[in-house]
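These are the structures, in structure tokens.
Heads up, the next two complexes both have chain A, just with different partners, chain B and then chain C.
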Partner chain A sequence: MTDPRRPTRRLVTTLFLALLLGGAVSAQRYTTAAEITAAMDAMPNPSTTVATLRMTITAASGHSLTRTMQIWTADEGRSQLIKFLEPADVRGSGFLSVEQASGESETMIYLPALGRVRRVAGGQEQDAFFGSDFSYEEISSLSGDFGDDFTTTLLEVQPGPVYVMEGTAAAGSTSSYDRIVYQVPEATLIPRRVEFYRAGELIKVLTISGTVTVGDYTLPSIIRMETVATGSFTTIDQSDFTLDGDIPADVFTERFLQR
Partner chain B sequence: MLRRPLSLLALLLSALMFAATANAQVNYRLGGKVATEFGVAIDGTIPVAAADLRLRLDGEVGSGFFPDAIFVAEVGARYDAAAAEPFSARLGRAYATVYLGPVDLSAGNQVVAWGSTDAVNPVDVINPRDLANPVGNPSDQRLPTPLLRATVHGQDGVTVDLVVVPVFAPSALPGARWQPAIAMPQLPPGMTIVGVVEPVTEVPAFTVGNIQFGGRATLDLDIGSGADVSVVAYRGFRHLPTVAANLVPTETPGLYLLQPSLTYDHITLLGSDFSAVLGNYVLRGEAAYTFADDPDGTDPAVGNDTFAAVLGVETNIAGGPFVALQGAYQRTAPDAGTDPTHSLSTVLSATFDPDNRTGLDVSWLHEWLDGSGVVRPSLSYSFADGLTGTAAATIFYGPDGSTYGAWKDNTELRIGLEFAF
Partner chain C sequence: MTKADRRRDWLIIAAFALVSIGLGLGALRLKLDASVAAMLPDSSTVAELQREVSDVFGADGIMVALVEGDIYTPRAVGALRQLSSALAKIPGVTAVTSAGNAQRMLDDDGFLVIEDLLPATPTAADLAAARDYLETSPLYRGGLLVALDGKAANVVMEVSGDVDSSALSSAIRMTLDRDWQGEGLGAVHLVGGPLIDGEMRATLAREMPLLGGVAALLILVMLYLNFRTVRGALLPLMTVLVGLLWSLGVMGWLGAELSTLSVIAPVAILAVGSSFSLHLLGRFFQELSHGKDKHQAIATARKETGLGVLISGLAIAAALSTFSLSGMPTVRALGLLTAGGVLGTLIAALVLLPAVLGLLRAPRRVVDPEQPGMIAGFLEAVARFADRRRYAILGAAGVLLALAVVGTTRIVPNTAVIDYFNANSPLRKDYAVVEDAFGGSSQVQVLVTGDLSEPATLQSMLAFQERVATIEGVGPTTSIATVLRAIHYTLTGVDGLPTTREEIAQELLLYQLSGDPKQVSQYLTLDSQLGLVDIATKSESTAIMRSIVNDIEAAGAATLGQHATLGYTGSTLLQLDIEDSLMHDFVISLSLAIVLVVIIDSFVRSFRAALVTILALLLTIALQYGVLGFLGIPLDLSTMLLGALAIGVGDYAIHLTVRYMEERRSGRQPEAAMNQALHSSGRSILFTALTLGAGFLAMVFSQFVPVRTLGSLMAFTVLSVGTASLTLLPAACLVFLRNPRGSAPAPAVRGTN
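So, the complex of A and B:
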């Protein structure tokens, strides 16, 4: 069983902040990488999110494990709470992360067997996200926001149009990859495929194979990450979205984490 | 055993009825687990050959983000062919919690886990322990006990936790293979011990004077990536007995029988604990002083004052294991005319998940003052959702008669399979 104490770093930066977005669909044709990344950055973010996340982790043998979680986020991802719903042996476990005014994130976990809340340190970027094929670094890249780690160029424009972008590690990059290649349909501005390379070798492939429209937002609903060397892959299926709802601040507290 | 099930049920129902008056929605879920465990010791003993069934009903009253109340009820049955009494049934957690503004009120059979550290918890004194396997997982050893609890969530990161335990419940003692040999007292010339009779156990009665109570106040601090500090006060009893030896005269002058007596000391504990996150490291600590009712050590049947402190650090190594190191010191005041006893130990543990199904753990406890210790590697594997297999070895080492060296023959291997539903 994956130990939920394994810290998650910026989970919401993860699937929701990063991914949830794409609502502002544009018919405009971009001509440079800078225009495309600027358009992706300009997409509106929901202020709060509640969703159910079903993660299926499949080994090369075909055997799979599932984790079902409820996720709450607010303050554009700066406050996040995760509670495990299934399977039964991890049910009730929870994870809370709240970014303080100082910019530091306060992170806690709750394990029913332990009976108390524990403070934990932030995770490492390359750590597996809850035992899956995703690392925190890759989760954060789902929005196409590669920050200062990569310098992006436009490789080609495929029919659609779909922009094929390349990112190469910038000086001072903290990424474990030195090259990424990703495809961005103009219709959604959500990367639909991301290839992660290290020393010229393809390490992982991320695919977004389903989207759903909720209100003004177009959201990725099915996200798949494959580890090329092992053949294992993880699929995240997001559902039951509630966006921009009123989430009381007390949700992001130790008290609610234990309930 | 089923302990006071009717009174607990009444508490549970009254709490639920209270909450139900608001026409609240009730949601519940039934779950549990079945498990089997088998072990073999290095001396050929079979320490465990057991099957477990545990059922759990839990739910909430109310809807929305904050329910009005929650309830939990657990029962368990176990058959262990290696135990002196193979069949046992036990009431687990069985309590209800009502949320009243900033106050959480709970009543019933509960576990209250105070403190911050893991293996050694000086301030974690509310619940008795099941020490049938004294080197088992500490969090699995806590026995739910009937209590009333009020947790007040104040302003500015202050939380106050108040607990009243009306009835004393002792810890379950380790089996015979874990207990030390009876030490014969020094006798004056002409006195001889010719046998040992059944021990006498004095459990504190259910009286007003024996009601146990305590409180813990916690303050969250805006330091680093978060910190907290708590103070604890508790008045109650030790859950482990103090053992004394009484001499019972026989009909023959000069010949005596040795009769152990087990008593539970009335104590007052004052303690503190903290945790702080600094970068990729978490610091944890606990300390407590326990005042017994025999400060001068004049009564050998009453335990003495103790001081215990634990300090630890943990971190998650990038791409590698989660590692924790804790050091613990304990001093026990002496009986009159003897020396105090000391303990200085460390616990080093590492947890690593090489893939999404496999978990590797190893923990090493070493007592530095006598050179003894225990190493416990373990492996877990998830065969399917909720179905987990485990294998763990417990290896004792040290000189004969040392803290853990005395258990060298108990070095063992256990395997288990558990399905949670």
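So, the complex of A and C:
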């Protein structure tokens, strides 16, 4: 049996951390992939985030589903709460993920219609995030931080300047992809397009088409992930940011989840 | 022969050679589409709905593999996992479901666990738990994935319609052989639409040249027996070769595709086309035997017999071209191919054949059809019989017609694709095994439009499925209600559906967090406004399938139809749609063929003569369908085309009428004119019947049941037309056509019987 407490759900946290990466970046030119990666890693992260997310999943046939959620994150994404606001039939449902001292995450969901909090078993890195086109793995790459899974090289520098980077799966990589190609504008250091390849075939395309500046942070506001084979895509539109604010500790509890 | 005549003949031959090469190159561009989809009518609402289902819910079709063996063992489970994984990687396979990759949901002390049903190396306890889950879960119970006795497992593959069906079937079969049968675990049985498409294509590619070759050989033998010369046997085939090249070439250049029915075309063109030359050569040899020189013999043959050949050829082409009005591409292709081939052969017989004969030296020895001998004696007896027993013959024909009508009322249509194959073929055997275990390999798909987040709608969906499951011939049914029932059972222990909109939405949300979203998206759209109910049905005859579909629709109207709009499609309904379209084509083409043949035959300068001639044809067509009814042969893809085909093919009877009218114009009295006509044209008619019959008989070597049936029935038909032409037609002429236009006045009918 799969360990229900496995930390995969942390990637949900990583998503929103990634989305919040940003900062005032002055124009400068990098010459190597290592410099660009280091610059991206050096971008400041807000200590806490409260935001509203509007996620629209659209099938190739055109049928779509939009859900609006409020998200709270703290402890560099180690604590995260999502509350569903819309549609009405899921309003009040919540999702809580808290990383324990052991490094494992405890994930639970509250469904008002079922009347109790349930712990949720972990899925796979490749599992779809809430039935969307995003997998947990892809969400973690939104910041351009591909961890130890990929060895990055600078392919070219486009006008802007925009750095076109290539990541190839490193030895021992756990990623389901063997190659990624992403474009990073120097102005934001937030990837604006990421292509995910498997066995030479383009599987998915991620596009960040809008950014917003809140205080010292430049944040992606419109993010789209398309699954090439099926033609489905998911758009995340985030707004109403409150960054570095005080979030009471009891927000990340089972009691608040049920409130 | 003058130098100018010789030059003209060489020019004609050169022109034919050039055109044949030019058009013939187009034949190399011909494509083959032997899929069931190629048979679908253009404006099929069922096919349109099928495309919508495919676009919205993904899968184009399913294939099911049944693997035999002791499934609940670690070795078999390991192999099943490996097999499912390997099958999923085959291009064109969009999803695989088996016990090897199925998941189960567990409410494990507050945790919603969704995990593999069977681990890679299961313990005895794992196997027992998996068996218990498969037998009790609403998703899988009833032996859906593993037979209740544990001796077989089903592997269900969703496949795309965009890939080459032969390549897909081969890759799947190779994987099954390698990962299961090759491991010594047991036998495998594979069924599904792409497999049938692949089999049909392979059979078609094999049989088109084979049947054509056999038909050509049989026709050669008959022609040689008739003329007793090599040129008499080869020249008709030369004209047919020209017609075939032109017809196939034009289709190739037009980008048309050959389909399952196209297998009939070469045989039909060979048989029909060779009869044109047979009549012309018969007259040519007859004139030679009567002392005319070569050029006079050619001129007489072209002038006198050419009229009958031209009319008969045009009538045949017109009758066959009625297929091109069909709404089905496959029938249209057959119509274009055969009508084009017949026209090409006709032109070659009337233009090329005289040119070749003009250049060849006159044969030293020719057969005079009127010289005394066995055949002449037989024709003499026939003429005497027709003269003396004319009313008895007409009466007997009336009785046969009445019997045929009775037989026609007993015909049962059946166009089920599976019945194209022999009952003892490996494919049919595999279908029997898989359908017995899985409950069905055909599909009825119900597209549900309505508010599917409403509990009452989902409850009625479940009620619909439960009612449908009681229908004989129906296998497992699945829908979003099935999936939700399994989730609800896991979460609450209640074997039923959630009762509020919130419960429905939130249970699906919970499932999306842990399970495979495809499990939901293959039955429900994101906005919950469209749903799909998959119903497996057995691949029975279309009559039984129609009854099953009617029962399903009645169940739908009484349950789910009260809450939502239902649209029905799927492979089962597509087959019924093909049948309905064929029935429509059958009536249209047969009626139109009769009208066209009467009109064209009336070009012999007498509408009455045309009507009398077609009398013989109509009787034989009625007999054809009467035989179908009495022998229990179904009206299928091929036999539906039989009528119009027979009208065209059988129109060689016109040659007797033409000759009879020729004799009447020369001043002979009706009885003497008919006697003379039978003596001179009778031999050609006899050998035309034998040649056509032999040609169509080649089809009995086909692996396709309908093609075989068509071959036997066409052989029966042309022999019947031959018999009717030598008995009924003379009798009818002597009673109803005593004074055709331009003939000498006849005395009053003398009744000798």
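What we mean here is this: the second predicted complex is superposed on the first by the 245 of 259 C-alpha atoms of A that agree within 3 Å, B and C clash if a C-alpha of one lies under 4 Å from a C-alpha of the other, contacts with A are read in each partner's own complex, and residues count from 1 in each chain.
One rule holds in what follows: a residue touches a chain if its C-beta (ideal position, glycine included) is under 8 Å from a C-beta of that chain, and two chains touch if they have at least 3 such contacts.
Note that this is a predicted model, so its numbers are computed, not measured.
Student: Putting chain B and chain C on the same copy of chain A, do they fit or clash?
Tutor: Taken together on chain A, chain C would clash with chain B, as the superposition shows.
Student: Now for A:D89: first (chain B), second (chain C), both, or neither, which partner does it touch?
Tutor: both
Student: Can you tell me whether chain B or chain C touches more residues on chain A?
Tutor: With both complexes superposed on chain A, more residues of chain A are touched by B.
Student: With the two complexes superposed on chain A, say which partner A:G131 touches: chain B (first), chain C (second), both, or neither.
Tutor: Both partners.
Student: First (chain B), second (chain C), both or neither: which does A:S102 touch?
Tutor: A:S102: touches chain B, not chain C.
Student: Return first, second, both or neither, reflecting whether A:A60 touches chain B, chain C, both chains, or no partner chain.
Tutor: Second partner only.
Student: Quick one: classify A:R118 as touching chain B (first), chain C (second), both or neither.
Tutor: both
Student: Contact-wise, after the overlay, does A:I247 reach chain B, chain C, both or neither (first, second, both, neither)?
Tutor: First partner only, chain B.
Student: Could you tell me which of 309-317, 525-533 or 543-551 in chain C overlaps chain B after superposing the two complexes on chain A?
Tutor: 525-533
Student: Once the complexes are superposed, what residues of chain A are shared between the chain B interface and the chain C interface?
Tutor: Touching chain B in the first complex and chain C in the second, residues 1-2, 57, 59, 63, 65, 87, 89, 113-114, 118-121, 123, 127-128, 131 of chain A appear in both lists.
Student: Please name which positions on chain C make contact with chain A in the complex.
Tutor: 55-56, 58, 108, 110-115, 453, 491-492, 498, 500-507, 509-510, 512-514, 517, 520-521, 525-527, 529-530
Student: Please output the residues of chain A touching chain C within their complex, sorted ascending.
Tutor: For chain A paired with chain C, touching residues are 1-2, 4, 57-61, 63-65, 84, 87, 89-90, 93, 95, 109, 111-114, 117-121, 123, 127-128, 130-131, 230.
Student: Given the complex with chain B, which residues does chain A contribute to the contact?
Tutor: 1-3, 5-7, 57, 59, 63, 65-66, 86-89, 91, 100, 102, 104-108, 113-116, 118-128, 131-132, 232, 247-248, 250-251, 253-256, 259
Student: Which residues of chain B touch chain A in their complex?
Tutor: 31, 33, 65-67, 70, 104, 111-116, 139-140, 142, 153, 159, 222, 224-228, 275-277, 279-282, 314-319, 322, 351, 353, 355-357, 359, 380, 382, 384-386, 388, 418, 420-421
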